[in-house]
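Next, two complexes with chain A in common: one pairs it with chain B, the other with chain C.
Presenting the complex of A and B:
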């Protein structure tokens, strides 16, 4: 059972993906200076009604093992300590101790 | 200045160039919001960040013909039965507000 914060993040990602095109369309109208200000304002109000999980800024890369929000190595979806534990057990393909 | 080209002719050149190469003609650099439409969608790559976990219960539901056994769940149910035998099972759900242990403790 993954961490509660990870579950929340998964939920956010799914909702963001579902609403992305709609959001972009409204953003286009709201930021288009060639349109009338009334139309732009309407589009901006509609954007404000969107829930928080529709915004891509709510999505944060988390560690899939521990749920940690900081020190994440995105390629492995692990925080630095979990990365180290797994790498030393040779569970990460192609990762070995550096020496040069 | 040798042969200063009139701005109208330059604008006509840009316009015809845009029509030939099918690009947007925006001589004043007005903000059209096209960048929000032009950018690639990030949703699919966001969703792929976490690898989906294998859910034994889901597999059992989808393919009952495989006759799989969920050992973790069986062990959990066995633990619940053992606790009940010892008299440590879950307490009854309070029907009214005053019946719960917390309300009676406060008094």
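Presenting the complex of A and C:
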């Protein structure tokens, strides 16, 4: 069973994907300087009613093994310690101990 | 004045020699140059070329080669040729037809695969380049050894991507397709292959591609859809 934070992140990713086009449309209206200020303000108020999981900033890369939020290597979706453990067991293709 | 005449005769003789040499290299084309030079020689009075009216004695179009028999073809096979580097066919027109790029994390299987690809191209008669060694990509990760703090003791990990490229010229697209399919079927473990092929297209291909793409845009994505949705929002809600 993955981490509670990992589950929250998965939920966020799904909801962001579902609402992205709608959110962008409202943003387009709110940021458009050719429209009247009343319309723009209305659009911004509507945007504020969207929940937090619709915002793409809620999405955070997490370690696939431990759920750690910091020290993530994106290419492997692992935190630095898990990356080291797997690399030493030769479970990561092509990765070897560097020496030069 | 006499030296002048001798010089002209000598010059004519040298030109004739050059023409004869050219004849050996390009049998069809040199017969055009002969009549003028022969006239020059006759005017100066030397008798080096006193044949009658000059006519092309060689046939201008070569005959088509006879098809190979089974014995001839099998006798041309070099047994044990995989022990040696592949032979490379000369390019006929230098028209690029394909580029193959190979990537692997280690170089042993890659070198073996290059050898195999070269031999396959030689067997099919495709002119290819020698394998080009593209720069190796090296990714380095330095991570702390422990799960928590102790930043001062770290460990380095690297990953090298070795790359090779082979370019092919002049061959028929069908032959190149077969070569690529043969190579892909006998692929080496751990070696990735990317093929870029160039084929001749009929005129009007651009318009044809545009017409084909017109009906296939997906709805619900892209900047235009966002703008349309924004307009709808403005009308309905605001």
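The criterion applied here is as follows: the second predicted complex is superposed on the first by the 100 of 100 C-alpha atoms of A that agree within 3 Å, B and C clash if a C-alpha of one lies under 4 Å from a C-alpha of the other, contacts with A are read in each partner's own complex, and residues count from 1 in each chain.
One rule holds for everything that comes next: a residue touches a chain if its C-beta (ideal position, glycine included) is under 8 Å from a C-beta of that chain, and two chains touch if they have at least 3 such contacts.
The model shown is predicted, which means the values in this text are computed figures rather than measured ones.
On the superposed chain A, the positions of chain B and chain C stay apart, so the two partners fit side by side. Once the two complexes are overlaid on the shared chain, A:77 sits against chain B while remaining clear of chain C.
Applying the stated contact rule after C-alpha superposition, one finds that A:21 touches each of chain B and chain C. In the superposition on chain A, A:33 makes contact with chain B only, not with chain C. In the superposition on chain A, contact of A:97 is made with chain C only, not with chain B. When both complexes are overlaid on chain A, the residue A:67 reaches neither chain B nor chain C. Remark: least CA distance from chain B to chain C after fitting both complexes onto chain A is 5 Å. Chain A residues in contact with chain B (one complex) as well as with chain C (other complex) are 21, 24-25, 28-29. Residues of chain C touching chain A in their complex: 105-106, 139-141, 143-147, 155-161, 220-221, 225-227, 229-230, 233-234, 237-238.
Listed in rising order, the residues of chain A touching chain C in the complex are 21-22, 24-26, 28-29, 35, 39, 42-43, 46, 71, 73, 75, 80-81, 83-84, 87, 93-99. The touching residues of chain A, counted against chain B in their complex, run 2, 6, 9-10, 13-14, 16-18, 20-21, 24-25, 27-34, 56, 59, 61, 64, 74, 77. Chain B makes touch with chain A in their complex at residues 30-34, 36-37, 39, 41-44, 46-47, 49-51, 53.
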